[in-house]
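See the structures that follow.
The following pair of complexes shares a single chain, subunit A, combined with subunit B in the former and subunit C in the latter.
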Partner chain A sequence: MKLSRRQFIKRTAALTAASLVGIELPKSMKDAAQAADVDSWKPGVCRFCGVGCRVYLGLKGGKPVAIKGIPESATNKGYVCMKGMLFYKIIHHPERLKKPLYRERKDQPFREISWEEALDIAAKKFAEAVKNHGPNSVAYYGSGQALTEETYIFQKVMRAGLRTNNVEGNPRLCMASAVGGYLTSFGADEPIGSYADIEKAYCFFIIGSNMAECHPVLFRRVMNRKLSKPDEVKVINADPRVSPTSRIADLHLQFRPGTDLALLNAMAYVIVEEGLYDETFIKKYCKFKLGKPPKDVSFEEYKEFLKQYTPERAAEICGGNITPEKIRTAARWFAKSKATMSLWTMGINQRVRGVWANNLIHNLHLLTGQLCKPGADSFSLTGQPNACGGVREGGGLCHILPAHRPVKIDKLRHEVEDLWGVPRGRIPAKPGYHTIAMFRAVNEGKIKAMWINCTSPAQSLPNCDFYRKGLRRDDVFIVVTDIFPTKTTEVANLVLPTAFHFEKTGVYGCTERRSQLTVKVIDPPGEAKPEVWIVREWALRLAKELNDPVIKKCVEPFIGLEEGYELPKAIWEEYSQKLTKGRDNDLSAVTYEVLKQRPDGVQWPAPTKEHALKGGTYKKFVRGIDPLADKHAKGDDPYVFYGPAHKDHKLYIWLRPYKGAAEEPDAEYPFFLSTGRVIDHWHTSSMTGRIPELLRANPYAYVEINPKDARRLGINPNDMVEIETRRGKIVLPAKVYEGPIEGMVFIYWHDMHEERMANRVTKDAFDPGSKEPEFKICACRIRKVSGPKPLRPYVVGHKM
Partner chain B sequence: MPVAGLVICFIPEKLEEVKSSLSKVSGLEIHGWNDKGEMVVVYEGDTFEEMEKEVKEWPKKIEGVLSVNVAYFNVEDEVERIEKGEYVPERPWKE
Partner chain C sequence: MDRRLFLKFLATGILVGCAPGEFTSSPIKTNVLRPPGAIPEDFFASRCIRCGRCAESCPYRSIKILDIKHGFYAGTPVIYAEKIPCYLCMRCVKVCPTGTLQKVSQKEVRMGLARVNRRLCVTWNGTGICRSCYNACPFKEQAIKLDRLRPIVVPEACVGCGLCTYSCPVKPKAIVIEPIYAFKASK
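Showing the complex of A and B:
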């Protein structure tokens, strides 16, 4: 019987799904696989979150029409999620930016201009700022969604070309505290282990993360692990809000927002008091540290410190459903399990003491030796696809140069200058402005020209109304490179259309130190261009404007290269082979050729081709697995903690006291306000908000209110509720829901509508170490303003 | 009409309930399952919007369903309609 096209595609769908779980389908079904559902399947990595799912994009007649996960991939094992499936709609979307747009003043409409003209204007404006106001009057603000090649080349031109370290990016808003935590606890940034630990773990400690909605493909693996051994594998979920993640938890610790440090210290107290610690591990590998500058203290002093955090005392601080017994149970499960894996995201990082919170999670692993063995790790999840690879590793923050080199260390700075062939002293010794300082400098008129790439700070900064004032200034020239109009293109002078994923070539480095290549397979729409081309052409013009051959030198190796593949390849080669060689994130053997041979990329360190072709390093610091651990080894210890930030090669257990939020509820503003994501949207929704299905599923933001609070305030489901903080007011429909703890409301932050935009009310207090803002907590008051009201979803568009 | 190949994770003891509930979903075909609690289904809907809404409901509505995982997704019909100009992706928002 001849199959219809529909029947054929359905059989292909069944076979693909069946192959992932080893279910045999009848032979008649299998015959369907003989034909082809698409012309070709092109491998790449998903664009939407930090998990790094490897996907095949199916092309038919040159158009993307299908998608499937790559079964051999160590990240997603053949699965994708709703977000990943829908990017074909972004690729085909009629609102994509297709031509450079310009206006002299921000109250004028944009007009279309040529690339020649656009690049001339961008070069002239940046050159003018440098000439008249000095190098630090210009800035670059990038993204954890930009390719590594893009971040690397932008920061090279800014630092060595324009002589400023004003290089920042949105990872400052989401994972700077995780960086601070890893560096101060382990002496090296990024997780030691991998996703592969999930299948070997016996206890999951998930805190400050709704991974069921934010990292669904990874959460499936956690869930499968739990279901494979339901009695042996324990899941602890600690969060002030009950989320879909809590559903599989054996123990849900619901605490008052901002009391996490007390909870974590109390777990450590139990571990120490009940003798559940690993004395050998501590003696061999750890030191106890206190204060800044850090001084060594003894285990006895640490024990004394912990006495402030008995479970009884912590339960009082934490409130919610926390009892001393629950804390003891959590600590025992954590310490006694054969292997414990902690997982967290923004709930821990976006805190005014986010670094400390990270340290205290690491402490639990160090005390118990739940590290380096299979299934045991202290694992920070990333929100963006290339926050790790591009920004943390590629030099995308004001204080770090490529390959984890702090700006302020002369030797390392000179190393970079030498590798780039620019004169020593060219890169300033002082770090640039961190994100909040950078936008404050914009407000103060200190920044005269700013380039914003692939992100929308006008919406994503906390207390964004305050910073939009500066961005709207007519004496601040703003260039935005993006694929869609956003709240930030609304404050731009020059908007440059860029190529989207699969329309250009480059590398993403996901959460688990894994670099993956996506090669261009379709052309960008209209005149959209890859960023690497834009930067090169801009830099050549800057060199002329400023009559400075060193600027040209920054892009000299790349002149004339074809932009779709050869140009990013040459940039990647310079970065990986020159800059990372000999560093802890050694990618020197990870060429495009090697990446193309792997189904799922390579995990660093990967200093040799042989090691890279096997996939690189699953676990850092373990001899026999990590080639750098073997290289640095002096004795017979199985682990070698060679991280660049701890010269003594020790791990630090920190004495970090409990500290609450920067703004706690009081009589005037009696509620905690917290923000987060839902499954359908991602970040500022400039992409996901344009996909009708996702937008309809969650067309506007709402506020989650605990039923007890709602009853007390006379609020019914869908009533319009005003959220007021010291920064401003927004009005949203109510979702009365047993989610947030009593006394707390929760809103999601994707909505671009002015009336519902979360960051108009959040607070811009930040961690003094990591400079990451405390998005997760501030104080608010709420009141019902009316009954239910029909609402319109919102998306920005430029009126030409 | 989009076609999705899905793996549904369920509690093995609830197999009969899961099968019976899913068999009532229009456009859904069950192709097999294993004793670990994994079931292969193909789901075809009129619009992706309806499919997505329905899929999201299963873990809440159907006793025993834990998660719905996407392995394969084909939208060639929709892309063809966009190409021919028969279908312009709707702009559900108006400001």
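Showing the complex of A and C:
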């Protein structure tokens, strides 16, 4: 719309006057006044969490000036949080990396070099490591924020080119247990249902998730559902901390950290004891399993197993406000509601028995048959925009190849080799190092060259001081690709500037199996380049250095393509049409053309173009909705659980005993320590910390302490408190607040300041199944060190 | 009215209305507040001996001393909530030698009352979801509550510290502190 200056002023004046006297303006006029300073709105996906909000980026004179939600969107219905609304401010941030930076030793200052030189150095160092120390001395550590195309091309070059499975990513720190849970219980990764189930659910079981802060847009939908039928819809929130999420709950189960397994088993006990289970569902679709290797057991044995977890016994274990009656109520609501939806995130996943905790949530759904019908689902929320699409599906973890193919299975590995046109046996059969093992290998000097892309492990790893020692070693060559200086660029040898969101083209796959395309609309600043270009050029040089034509073969189809659109398009086409065809995450009909036509993207499986153009599959495994369910169907059953991990097409109910945290409080370290996020900041705050409005809202991390504990220890609000664990100590201001349960403290982990960096004290114990570390629980002691002190917010080189 | 007359009127207006006002009327207004425990504004400037101890004791440098431009009010302490709000450490009330800042407890502080502008607030006007003021509030769930995610101020519990104003990411601020208690005595 064109507006003259005069018209604009008139309208603005009218708007101001109207807002003073409080008249509702006609909507069109209001929109015009608000939108007048933007030339064009370009659609895309939000860069932050895993909800997958669709947003418009507003451009004026080719510069980003605003972001707003797209009202027709299937995910966010037009809403965005402040992170989403303000991230246009980092696109042209003065601290953006604009030139490749290099230093030989890590105590030297960086110097600017050309791309030619930078890529030559990267190729030479990786080639040297492979030649002198074997393929397993190189590693790639990626991110759930990288585009699918980027993760895919990186892992292809690493696996088929450099012959190593040392391909990992930060989703290991957040999603791995959910993957393990879905695979062991349902035989197929990723949720069965969609966000659309929220509007059809009658009971929400939110455990280990503060979705009001971490997925605010989705939380709004849950809240609206609750408010639309306040008496019918029940919300159960289980969390050791009273969080903003608990405020809408009808029942808040506040248990001692680490006792969730007992609580979940006790709910199953009540369901079985009171006969609330769905016998036909169990008979038709389920099996009971125990131990490793899994052994079949009967329903009777399961009942016997559950007798250890009577509500009375569980209430004793759980402590807090848990009573047997509360457990019974929760179990009854769960089982009897018309449709129950469970939602969880890191509280469940980041546990030393994260997979088991996931299994036990699935158990409740399997026992009660609260699955596959509208509104009923066991739904794990994702924290990163492309952890599902890029890393879980694209082969970004050490044990999986693209499209949910385990590395270990020869047939599937050879399938991938054939599809790539590389000789069989090129991809090693043994999975590479998982995240913690990878950084331990760095510490031990086993890894000589490492590529860290789009993430900051120097801050986000648990017990990060320990791992930073290794990263600082001079015999470990580290390449970091990022848009800003971070804690990780401080330990790098070579820093390569990359294009940001909207400066490159690619697909993000959000929590609900939905792939959405963001097309490049602006040029990256300075010499920053898209990752896909960097990998292609690097691989070509590697091929020369190592004199290995197979490495060239990996990127051959992409040579010479324009990096802004044509190159990612070609990579996506290879991945979606070749690699996912015939797999459970079939994206073979989802081309860029389809994604452009379908503004909301497509939910896999989408094997045919007609199906993709309708938006794909809203619910997996249901005949009539999921085309693959129809394909695999043998009898007349309405559901077909064709997941690739369970050949018998059954769902497994697991007998998982209660196990506490790896480090429980004792006399020396009497408090539980847990970490989490706040709505304004995201992960290591390297992006949100550079948005002044968000930094103001939360300039630094603090520690939440229960008022009872605070009184006992003489801690007043804003006093500086020292948190000490067996791994280190940090000092933060206190917030005395009826949030965490007595005996527990809670810290926010976004702060980059060394004094307040949460992961310097967290524990790196990990789940033996999923290898996901237990960020959420460790033991600590606290003491007041001083009264209030003025603090400065910390962002690398950032001037406030 | 001709141009000359108009300008004359304007000049007189400025002279009579504004300039002396700056000199003799209280500087306290929206987001410009007195420190905790302040006595009513009518007596404040006459009781305060301008010793500056409150500003000196403030660990956050929230308290600023007014300069000579403020005439009668020069030397008295104020807090600019938008720049650095009050973190309620309550040190200033302890050091005030005259009782101009009375020894109140954290909860009894009444520097003002937060007011949400529902047209500017992104959560209220439906363009976004934000919870910065709620998170920043030292009396979370007491002074600011959420009604369907939208912030609501509870006047009985709000102390007017300005942390919400400071943290509000919207421009202009969608939540501001009105010093309604400062002028109560005279009205």
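What we mean here is this: the second predicted complex is superposed on the first by the 759 of 800 C-alpha atoms of A that agree within 3 Å, B and C clash if a C-alpha of one lies under 4 Å from a C-alpha of the other, contacts with A are read in each partner's own complex, and residues count from 1 in each chain.
The working rule: a contact is a pair of C-beta atoms (placed from the backbone, for glycine too) under 8 Å apart; a residue touches a chain by one contact, two chains touch by 3 or more.
Everything quoted here is computed from the prediction, not taken from an experiment.
Peer 1: Once the structures are superposed on A, label A:Y737 by its partner contacts, choosing first (subunit B), second (subunit C), both or neither.
Peer 2: After superposing on A, A:Y737 lies in contact with subunit C but is clear of subunit B.
Peer 1: Determine, for the superposed model, which of the two partners subunit B and subunit C contacts more residues of subunit A.
Peer 2: Touching more residues of subunit A than the other partner does is B.
Peer 1: Is A:D37 in contact with subunit B, with subunit C, with both, or with neither (first, second, both, neither)?
Peer 2: first
Peer 1: With both complexes overlaid on chain A, does A:C81 touch subunit B (first), subunit C (second), both or neither?
Peer 2: both
Peer 1: Name the contact category of A:R332: first (subunit B only), second (subunit C only), both, or neither.
Peer 2: neither
Peer 1: A:G69 contacts which: subunit B (first), subunit C (second), both, neither?
Peer 2: It touches subunit B and subunit C both.
Peer 1: Does the superposition put A:K784 against subunit B (first), subunit C (second), both, or neither?
Peer 2: Neither: A:K784 stays clear of subunit B and subunit C.
Peer 1: Which partner does A:H414 reach: the first (subunit B), the second (subunit C), both, or neither?
Peer 2: After superposition on chain A, A:H414 lies in contact with neither partner.
Peer 1: Counting only touches as set out at the top, which of subunit B and subunit C does A:P717 meet: first, second, both, neither?
Peer 2: A:P717 sits against subunit C, while subunit B stays out of touch.
Peer 1: What is the contact status of A:M223 with respect to subunit B (first) and subunit C (second): first, second, both, or neither?
Peer 2: both
Peer 1: Quick check on the output: what are the common subunit A residues between the subunit B footprint and the subunit C footprint?
Peer 2: Of subunit A, residues 68-69, 79-82, 84-86, 216-217, 220, 223-224, 227, 679, 693-694, 696-697 contact subunit B in one complex and subunit C in the other.
Peer 1: Which residues of subunit C touch subunit A in their complex?
Peer 2: Of all residues in subunit C, those touching subunit A are 59-61, 87-89, 91, 106, 119, 122, 126-132, 134-136, 138, 140-141, 146, 148-149, 166-171.
Peer 1: Using the touch definition up top, name the residues of subunit A that touch subunit C in the complex.
Peer 2: Listed in rising order, the residues of subunit A that touch subunit C are 19, 68-69, 79-82, 84-86, 212-213, 216-217, 219-220, 223-224, 227, 244, 247, 678-680, 693-694, 696-698, 717-718, 735, 737-738, 787-790.
Peer 1: How about subunit A: which of its residues touch subunit B in the complex?
Peer 2: Those residues of subunit A that touch subunit B are 6, 9-10, 12-18, 20-25, 29, 37-38, 58, 60, 63-69, 78-82, 84-86, 88-89, 92-94, 216-217, 220, 223-224, 227-228, 248, 679, 692-697, 699, 792-795, 797.
Peer 1: For subunit B, which residues are in contact with subunit A within the complex?
Peer 2: Subunit B reaches subunit A through residues 1, 3-7, 9, 11, 29, 31-34, 36-38, 40-42, 44, 47-49, 52-53, 55-56, 66-67, 69-76, 79, 82-83, 88-95.
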